[in-house]
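Structures follow.
Each of the next two complexes has chain A plus one other chain: chain B in the first, chain C in the second.
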Partner chain A sequence: MPRAKLAGLLLFFLGPAVAIYTLFSIYPLVATMALSTYTSDPSGARYFVGLANFETLLGDALWSKPFWNALGNNLIFFAVHMCVQNPIGIALAGLLSLPGLRFKGFYRTVMFLPTMLSVVIVGFSWNLILSPLWGVAAGALKAVGLGSLFAPWLGLESSALVTLSLISVWQFVGIPMMLIYAALLNIPEELIDAARVDGLGHFRIFFHIKLPLVLPTISLVSVLTFVANFNAFDLIYSVKGALAGPNFATDILGTFFYRTFFGNQLQLGNPTMGSAVATVMFFIILVGLCLYLFLVQRRIRRYAF
Partner chain B sequence: MTAEQRARSFSVHLVLIAYSLLAVGPILLVVMNSFKVRSAIFGSPLALPDATTFSLVGYEKVFRSSHILTYYSNSLIVTLVSMALVLLFGAMAAWALTEYRFRGSTALALFLSIGIMVPIRLGSVAILNMMRSAGLNDTLTALILVYVAQGLPMSIFILSEFIQQIPKDLRDAARCDGVPETRIFFEVVAPLLRPAIATVAVFTIVPIWNDLWFPLILTSSDSTHTVTLGVQQFLGQYITDWNSVLAALSMAILPVVIIYVVLSRQLIAGLTSGAVK
Partner chain C sequence: MRRTFKAAMGAEVAALALLAGLASAQAGSLKIESWRNDDADIWNAKIIPAFNKQYPDIKIEFAPSAPKEYNAALNARLDGGTAGDLITCRPFDASLALYQKHQLDGVDGLKGMDNFSDVAKAAWQTDDGKTTFCVPIASVIAGFIYNKEAFAKVGVSEPKTLEEFHAVLEKLKKDGAYVPLVMGTADQWEAATMGFQNVGPDYWKGEAGRANLIAGKEKLTDPQYVAAFKEIASWAPYLGSGFQAQTYADSQNLFSLGKGAIYAAGSWDISTFRGQAKFAMGAFPPPQPAGTTDCYISDHTDIAMGVNAASKNKEDAKKFLEWLTTPEFATIYANALPGFFPLAKTPVKVDDDVAATMVGWRQTCKSTIRNSYQILSRGTPNLENELWNVSAQVVNGKLTPDAAGKQLQDGLDKWYKPAK
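Presenting the complex of A and B:
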């Protein structure tokens, strides 16, 4: 193909996608990072300050305390997803992929339904259900004889974050379930049949044969969970507002970024500090992705085949 | 079936039914109670609405005091236009990346895949600045541009895999006949991509329809709010009016649930197909 013709075709086919993607995705990321090295005075003029914003964010007590609090809460948020969402997802996928299971289409559809809903809707619905005012959750616990366990979980500093994490788990468990289910379906039949001929039961086949084979998918699910969790915002904002109450007990990086960028009752919005927070979030996600690519995925490639 | 097998199958179904109830119970509870009078919402929350407790008062209030129809049409416009552009530009780019050999094609594919993992939300400060200076602030166009940029990487990735599976002979035959490249794409390749559309749609429509962040930072007037943002603000204001809150929640839930139930077969096939291995 002549060079000029190829160039024209590439421009026609790739031009729109590359232009929109670069202009509204990559450029803003880079520009936000650049903006994090500036500060602005009340008149709106901007001055280059190097890494001073990051020193403020990590060193100044007024900034560092909420930042570390948000980061710590975000780690808890992530830990709950890893310890609850992914094992439940694996277990459900394991059950759904059992040979000859009836109604599996129905189960899959129903279990994936919460994932389709908006986080805002899910947050508010659970907020109502767990509200002591309505009494549905309290009544349900009482019906099974556990009434004394009920507490306004979303309102207590000690339990609000874990409760919100579990709500998020409830919503998104469908994603690991589906991805792992797909991976389980791709395991060659002969392998399973051979194991069955050797007299292995369903449980041992699952733990000794199927699970090791879907490890790459499980690690992919883990990194997807990591990126989604460290970028989360909607659920906390819709249930708890920008202040992530009670007393910032549910503040995660997403809500901290929003408050820094836009401000709220207590503080004015600060785009340059907001950019600094976004840049730190970017590097946290980048570190997680690199750990996955260089440690996890490489090792899996080496041992899986 | 032996007794032991029957017992095992029974316990498997028991677990799956229990989890299914946990998954849909909360949604059913909200929708069911939105059709009741206030006293029944509190008095017997787990009962279905009957002749004495049925009421549409919540829905009436939502229609009167919010711009719910405007929000619906905004969400619909933003989602459909974004999806159409993501599919069109994504398929064109995927075709060029898989079909033509050129220097830098690997680098370009890598560059485009950054967006799969790195959330565009982190560039919000600059996006808001750009939209303000371009005069696009508080328009649906701003949302569409951001969502297209957000959806393209994943759609290019999925569509590339699909295009690679199309037999080479098809386009080579067309080329021998002297059909121009653009016609090969639009008339030979594009129609074959139809099965991929459901897959791409899952990854495009759902996050856009449900997004709160970009409407929150990019739109400020009622006329440009989407359903998610509109309902969020409405709920914030009317949190003590349980009829309205439950009705607003149901109105945001129902369209998604209906579309999901109609399309679930394709959506799940897309999710479990090779594209996301």
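Presenting the complex of A and C:
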């Protein structure tokens, strides 16, 4: 193929995607980074200050304390997703892929349904379910004799964050389930049949044959979870507001960024400082992704059948 | 070929129609930015039609955002040049910043501005008081609304002093039929606004204390502020079970369903309760601490309206603002929204009895505004945000009143150095 024609084809097929991606993803990212090196005065005029905003964010206790608090909470948020969402997702996918299971489509739909709900509705519903005033949670626990275990979970510093993480797990568990389910369906029947002929039961087939074969998908799911968790904001904001109470116990990087960039009640928004927070968030996600690519992705072997 | 020509013609006609539509939307039409989405019906059904009786040619659209997103959304729209013509103004710094960025025009030249006292205008003036940039609309008063049936059943009457207040709460608790005091801490701001700022002014003597705090002559670690925290800390045993997870909407429902006896209230709650509650309500001002004689109420200047400096239709916008200064508007507003009290000097008759009671406190008690609003919430950490957090923690029993005062003052000391 002549060079010019190849270039023309490349431009034709990739050009629109590159242009749109540049306009809506790369340009805002670069603009945000640029904005984080400025500061502004009351009249709205901006001055270049280099890395001063980052020094303030990480060096001044006034900023660094909420920042590390938010990062720590984010790690807990992520850990709960990794420890609860993925195993449940794998288990559900394993159950769904069992041969001879009836009403598969129904189960799949029901379990995927919360993922399609608006986060605001999810937050509102769980707020009601867990409400100590009219929630069904207290009554349900009492009915099985565990009434004394009930507490206003969303209002206590000790439990609010984990409760919100579990609500988020409930909502999004459908995504790992579907991805892993699809991977499980891709495993050739011959392999499973061979294992069965060798005398393995469902349980051992799952652990020794199926699970190793879907590991690449699980690691993909993990990295998607990582990116989504460190960008999370909406659920916390809709349930606890921008101040992420009690005493910032549920404050994650997303809410910290929102408060800084857009302000809250009498606090005015500070776009330059907010951009600094956003830039740091971007680098945290970037570093996490790089670690994943170097340590995990390179070692994964994909099986081709 | 002919086909493409036709298509191009069609597109052109559509584009022209769109432009014409835009142009007609500009001439004689105004858009109001507001955070009062609860009031959209009242604006559309009562206020705007009343204005249109005098000015039938000016079309007005009331386009509110959700209260907690209002500041962010408004700032983004103003910066992007897509904001409405009339801007509902939050008090103090949020609006001052808009004026300083030349996004709001001054309104001193408007007819009828002399219908407002200096105190009424103070929340929307430059620090030197020389320029006013929004037309004051309303203030809100804090106090306590109670269920008259609950009081009659338990056999108690309106408490005048804090001692009586606690005796009433104790009796209600013993009776057990009602949640004695309705307030939650999940949203944090109630503890600050309906707790600390509600009972506090009696301790710090209203405006005098507020001025001293701004001048640096008093500190939030002083006994009068710690005492206010002590008072709200003592409410915990009388709040509903699980109050730590009780949201503002939960509190409103709990009280309007008749399950609570006393509601730590802002007067803005009245219209909500009027629509929902089926029992007789009364209101009493913050009960007084022992040894005080003068009473103070939080009579907070809350809502005003200014004109977007980038508006394409300033003439009509100014006509609307001038109409806002008239007694006609004040009367409609006060009675359409009982609990939002007009700031104009001309007296207005309020029909709603609870609202009339609350506005009546202005005759016996001295008015003050929330002490964190002017100047003191300009820096980082933001005093108002901090106040929400520590007040909720004090009620939750996670922070002692002394530690609360210290945390606030330490935060303030980091950036605020008043001339002494």
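Rule of thumb we're sticking to: the second predicted complex is superposed on the first by the 278 of 305 C-alpha atoms of A that agree within 3 Å, B and C clash if a C-alpha of one lies under 4 Å from a C-alpha of the other, contacts with A are read in each partner's own complex, and residues count from 1 in each chain.
Everything that follows uses one rule, which is that a contact is a pair of C-beta atoms (placed from the backbone, for glycine too) under 8 Å apart; a residue touches a chain by one contact, two chains touch by 3 or more.
Fair warning: this is a prediction, and the values are worked out from it, not measured in the lab.
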| item | value |
| --- | --- |
| Which superposed partner A:247 touches (first chain B, second chain C, both, neither) | second |
| Contacts of A:263 with chain B and chain C, given as first, second, both or neither | second |
| Touched partner set for A:48, first chain B, second chain C, both or neither | neither |
| Which superposed partner A:107 touches (first chain B, second chain C, both, neither) | first |
| Chain B versus chain C as contact partner of A:139, first or second or both or neither | first |
| Partner chain(s) touched by A:203 [first = chain B, second = chain C, both, neither] | neither |
| Which superposed partner A:23 touches (first chain B, second chain C, both, neither) | first |
| Per-residue contact with chain A, leading partner among chain C and chain B | B |
| On chain A, positions contacted by chain B and by chain C | 134, 241, 262 |
| Complex contact set, residues of chain B against chain A | 8-9, 12-13, 15-16, 19-20, 22-24, 26-27, 29-30, 41-42, 45-46, 85, 88-90, 92-93, 95-97, 100, 102, 108, 111-112, 114-115, 117-130, 145-146, 148-150, 152-153, 156, 181-182, 185, 206, 209-213, 217, 227-228, 231-232, 235-236, 242, 245-246, 249, 252-253, 256-257, 260-261, 264-265, 268, 271-273, 276-277 |
| Residue ranges of chain C in contact with chain A within the complex | 68, 71-72, 75, 92-94, 97, 100-102, 184-189, 240-247, 250, 253-254, 372-373, 377, 380-385, 388-389, 392-393, 396, 398, 414 |
| Complex contacts: residues of chain A adjacent to chain B | 1, 6, 9-10, 12-14, 16-18, 20-21, 23-32, 35, 92, 95-96, 98, 101-103, 105-114, 116-121, 124-126, 128-129, 134-136, 139, 170, 178-179, 181-183, 185-186, 202, 217, 223, 227, 231, 233-234, 237-238, 241, 261-262, 271, 274-275, 278-279, 281-282, 285-286, 289 |
| Residue ranges of chain A in contact with chain C within the complex | 42-44, 62-63, 127, 130-134, 151-157, 240-243, 245-248, 258-259, 262-269 |
